[in-house]
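Alright, structures below, take your time with them.
Two complexes come next, and they have one chain in common, chain A, joined by chain B in the first and chain C in the second.
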Partner chain A sequence: MQPNLALSSTSLLDTRRQVETPEGIDLILRPAGLMPRALAFGIDLLIRGAILLGAFILLGVLGQFGAGLGTILYFLVNWWYPVLFEMLYQGRTPGKKTMGLRVVHDDGTPVGWAASLTRNLLRAVDMLPFAYCVGAISCLSHSSFKRLGDLAAGTLVVYRDEEPKRPQIPEADIERAPFPLSLAEQRAVLDFAERRADLSGARRAELAAILAEPLDSLPDHAEKRLHGIARGLVGSA
Partner chain B sequence: MKQHLFEQRHGADWQRFETLLAPLENGKAERQQCESFAADYRHLCQHLALAEERGYSSHLIDRLQQLAMRGHQQFYRHRSHLGAQIIRFVIAGFPQLVRREWRAVLAGSLLFFGALIGMGLLSYLFPELIYSLIAPEQVRQMEEMYDPGARRIGRFAERDSGEDWVMFGYYIMNNIGIAFQTFASGLIFGLGSLFFLLYNGLVIGAIAGHLTRIGYSETFWSFVVGHGAFELTAIAFAGAAGLKLGWALLAPGRLRRAEALRRAAGQAIQLVAGVILFLLIAAFVEAYWSSMTYASAVTKYWVGAGLWLLVIAYFLFAGRTRHAPD
Partner chain C sequence: MRLTDASVAIRPRTAWEAIDLGVLLARRHAGLLMLSWAAVTLPLFAVISALLWQYPSLTVLLFWWLKPAWERLPLHILSRALFGDTPTLKEALTALPRLLKPQLIASLTWRRLSPTRSFDLPVMQLEGLGGEARGKRLTVLGQRHSGGAAWLTILGFHLEGLLWLGLATLIWLLVPQQMETQFDWETLIQASSGKWLWLEHLSNLIYALVLVFWEPIYVACGFTLYLNRRTDLEAWDIELTFRRLRQRLVGSAYALLLACAAVTLMLPAGDALAAEPVGTCPVPFDDPAGPDAERLLNQPLTSKAAHEGIGTLLDNPPFENRESVTRWRFGDEEKAEEPSEEEIKDFAELLEKLFKLSEWWGKLDPVALAFEVMLWTLLILAIALLLWRYREWLETFGGRLGLPRRRVREMPSQLFGLELAPESLPDDVAGEAERLWAEHPREALGLLYRALLSRLLHDFRLPLKSSHTEGEVLRLVEGLQHEELGRFAQALTRHWQNLAYGHRLPPESLKRGLCEGWRRLFGRRAAA
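Now for the complex of A and B:
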């Protein structure tokens, strides 16, 4: 296993969960917290309201038959809306899709009928006594932000990651590291170069200065040297 | 191997894998396209493992990680032969499950039917008792509903055949809603299920006893006997499923509470699936048979008795054979 990954899952303050798959790799799941989930629920609530309003206006024209259909529709939208979306739409309701979330089993596999039904029926308890108080407390106190329904069903709400943008490793003279780097150190040097755009100039200089002594260079030149080492690690680009 | 070379060599494969994922995720993939999917996925996993082992940059690992994640989602997608699953569940799975979970089912049934029968007898013997449970206004409505003078009986007394739809919809919504509530509230250490089982049992028993006492027994009993077989068992089972959740929290045994709850929920939700099925049947029977007046009361009693026997026989005997269809 990667030393730096092992580190991040045990000692660092991190919400990521690692799941080992039969292919021998670790999938990384990032559970979503209370706020994005609440927003996703709010969006779904609006959509459900709009569906019901539209349907009742439309079915009102049909009279008694429409009223019968209306009650069935109300039942479906009330209880089955999340289940059907999660099952038929890759674990996402429209609200979750908007917030970039998705429901999966604890082991990272797509959510199934039983789990989806469980978590959505037990929503009734999470809503108690009002405004999702129980669910919110459970969500805030669990390390993977699970509400009671998720606990019983064995599901997680995770972020669906965006496609990462390709970072440019800054121009520098390619050089070899003056001493052998461990894998974690190698990753750290590469990360430093790739994340150049996200860090301020002063912070970069400060970080690089830490390594000035082992690199045998002046603190001002350390950043340039690190970029050079990073380029050397990646190979000619 | 340097990272740059690695990317150059395999970048095209990853690109191809990515373009294959999009139609899979939208459910629009062609059969031919997917033939190499499993191999491509494993190949990608291998590349990810290599990249991590060789300490390549975060950007590359994140990208492969993400592709692997998306591939994993498609590769381990649950096959849903929903039709076959439902048939198997109806033929053997549900009665087997009920027999396996006999403790919870027995507890739920005793609570519900015990309350129902006990309250029925009491309110038959003591006329005022019903008013301590149900408001006089509602009692009056109930009496009107089952008045032998009315042309049709049931919850929507004055209605045309076109309105059967309204009733069907109403029954589905109302009854399944109650069942879901009874189940879900079991998560509160079983207290919710306990309450709903007893409360519903008491109310139904009180009404039955009251209506029998005032002499509306024929309209009432001929109405409820048919769908009652499905509806009452379903409510009792929904409560049983809820009690199972509560029991897992109260007495998790040697498991941790979260794990015990997760396992109990796996079984309980199947009971709920059976409950939904039974309530759909009940709603159908209630809307299209129980409320019909062309059949005489005697016919309805016979049919009702037949349905009760059918339900009991179903749970006792279905799915017993060794080679039950699976």
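Now for the complex of A and C:
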């Protein structure tokens, strides 16, 4: 049964990418697709536009000297804004932070100067022939949603993991599972207890009834017992 | 619908991740989706364009307006492909008329501009809900993710525009420069005059092509958003795991129970049972067909399937790492053909002619010889001239070229701290030694030994080195096969060592013997 499961799960379509560390730990990365990235870019574009507009109004007072400064500023904001933010702000520009994204290397390590410069300089290619068409098509057709800059630099744009909140498990008598549970099965029992509020009562009863027979209990009591097992898995808190 | 057959990993996701999953889903079935979309929409586009040739703007508007109708086809394909039942192109196209029937008017009128179009479509098409039921269902489903669906539509709208402009720009960039003079922005603006109709139709066609790429992704993203919402709402992931758990715990027990029952029912009478020791599943060694025979035929995982599964596993990394190497090589050489008779005949003729030629050449021998001598002389002269011309260069740089040179053996000027140059010796060594013997026997013996070494080095050309010891020098002297010299050297060395290291004075009687010996050996030569 187990190897069979493993076989079928490899071909399942999923957005997650697993990176195995030398210690044998699987890090899970969740590459972000075109939609959140486009929105993040839009937000950054607005911020950059606002900065430039404000600066140009101020520098306009200085005449030609101001125009020179403005040109330098334009260069910096255009080409160094993403690089500096990615390097000094944990791989996030303000837009990416808003969308919960960050840039990392393919293996999940924080992005470095070389990679960041490469991926941002290659925007020049992704922009072709008009407004990031190449980048969008590349993003939509790559399995990890990479644009050409990401491909060249070996970087990924991933969703940041949110801080986990302490889940609420309903009151029940703590008990040990009467049969051994694999990790995925333990996770499912916990999920069942934690997501209680999102599920309708009828649906909960239906789900619990699936396990009524192996639990040796009436379908009506199965839900309560599953909650008990979940509490047992979490341990005393 | 069986969740266990789903070809995507079922778990609750955020709205954005659900959309990403849709992109991947569309990518997996990209060929079928785009082909079916193109097969339906492009002919329709052609028909609309032909009918409304004078009104290109109206054409594109109509085409755009009809989009929701065709979106049902990708959704149909995806909903079947999700559970591993991917239809063929033909099946999908034949299903289209049936798909178009329900609620087409609503889709194309008051629901046309709904921003959550892609998210709502599965409720109508897959759940078959209409009217009030549909509304309620959408209210429940739309509590989450409808924002994501709206963003999807907004982004899709922009992306269509971008891709359309991008493709148009690309074509514009590819127009040769010579033609560009004719394209003036002013004339383009006046395009509505009718002269540039074909250009507008071209731009419409670009839009139709962009939709072929984008529309399947849009529908797939809406579909996965819908799936994700239902996963969330109905805990599909939990159900999936629970069902597998139940199967693991109960299913195996059931199978065992059923097998026992079957065996009990099929049991023949007691005698037969005693006579036949064969079980339903013979041990592989007892099986006449051997261990490779198919076994476990009455259960989901037969031995053959397991064998194949193991085979494919072992055939993939990390067990097997294949790589293909491509490199250039010469084409196959043409095979040597068997010589035909004609060729043999030709060859014989050729030999004959060559023979005749050599005979003729025989007559020319003296002339040839003269020429040969002249040519060789010329060559040698040329080489000599070259060497002469570059003699200085060769002298300067010849050494650096690593040319072999006769190595000049360096003669040590000192051995055991004794000066060996012939100039440093007195002319009459024996006389000087005799004179010194009485007062300075040490200097006298030293002088003799020093002179002996000097002679060995310069007259006999013995390869003495400063690292040699007295004993080694003696051995070298023996190698000269000179009996007298050998004896003299031996005696002198022994007494010199005694004096130099042992501070034992040589006996007086030795003085004559050594000096005479010296005179005998070297005196004549010195005189000569």
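Convention: the second predicted complex is superposed on the first by the 222 of 237 C-alpha atoms of A that agree within 3 Å, B and C clash if a C-alpha of one lies under 4 Å from a C-alpha of the other, contacts with A are read in each partner's own complex, and residues count from 1 in each chain.
The rule is short, and it goes like this: contacts are C-beta pairs under 8 Å (C-beta built on N, C-alpha and C of every residue); 3 or more make two chains touch, one makes a residue touch a chain.
None of these values were measured; they are calculated from a predicted model.
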With the two complexes overlaid on their shared chain, look at chain A and say whether chain B and chain C clash or fit.
fit
For A:L156, using the defined touch cut-off, is the partner it touches chain B, chain C, both, or neither? Pick first, second, both or neither.
neither
Of the partners chain B and chain C, which touch A:T15 in the superposed model: first, second, both, neither?
second
Mind working out whether A:A222 is in touch with chain B, chain C, both or neither, as first, second, both or neither?
neither
Touching partner for A:W79 - first (chain B), second (chain C), both, neither:
first
Contact-wise, after the overlay, does A:C133 reach chain B, chain C, both or neither (first, second, both, neither)?
second
Classify the contacts of A:A177 with the two partner chains as first (chain B alone), second (chain C alone), both, or neither.
neither
Computed vertex angle (chain A) for partners chain B and chain C, CA, steps of 10°
50
Which partner chains sit in contact with A:P214 here, chain B, chain C, both or neither? Use first/second/both/neither.
second
Using the touch definition from the top, say if A:D191 reaches chain B (first), chain C (second), both or neither.
both
Overlay on shared chain A, then closest C-alpha pair between chain B and chain C (Å)
7
Chain A positions within both the chain B interface and the chain C interface are 5, 184, 187, 191
What does chain B use to touch chain A in their complex?
2-5, 25, 41-42, 45-46, 48-49, 52-59, 62-63, 65-66, 68-69, 72-73, 76-78, 80, 82, 160, 162-170, 172-173, 176-177, 180-181, 183-185, 187-188, 192, 245, 258, 261-262, 264-266, 268-270, 272-273
Mind listing the chain C positions that touch chain A in their complex?
6-9, 13-14, 16-17, 19-21, 23-25, 27-28, 30, 151-152, 155, 158-159, 162-163, 165-167, 169-170, 173, 213, 217, 221, 232-235, 237-239, 241-246, 248-250, 301, 309, 313
Within the complex, chain C is touched by chain A residues 1, 3-5, 7, 9, 11-16, 30-36, 38-39, 99, 129-133, 136-137, 140-141, 143, 145, 159, 179, 181, 184-185, 187-188, 191-192, 195, 198-199, 203, 207, 210-211, 213-214
In the complex with chain B, residue positions of chain A that touch it
2, 5, 21, 23-25, 27-28, 64-65, 67-72, 74-75, 78-79, 87, 90, 104, 108-110, 112-114, 117-118, 121-125, 128, 148, 151-154, 161, 163-164, 166-167, 183-184, 186-187, 190-191, 193-194, 230, 233-237
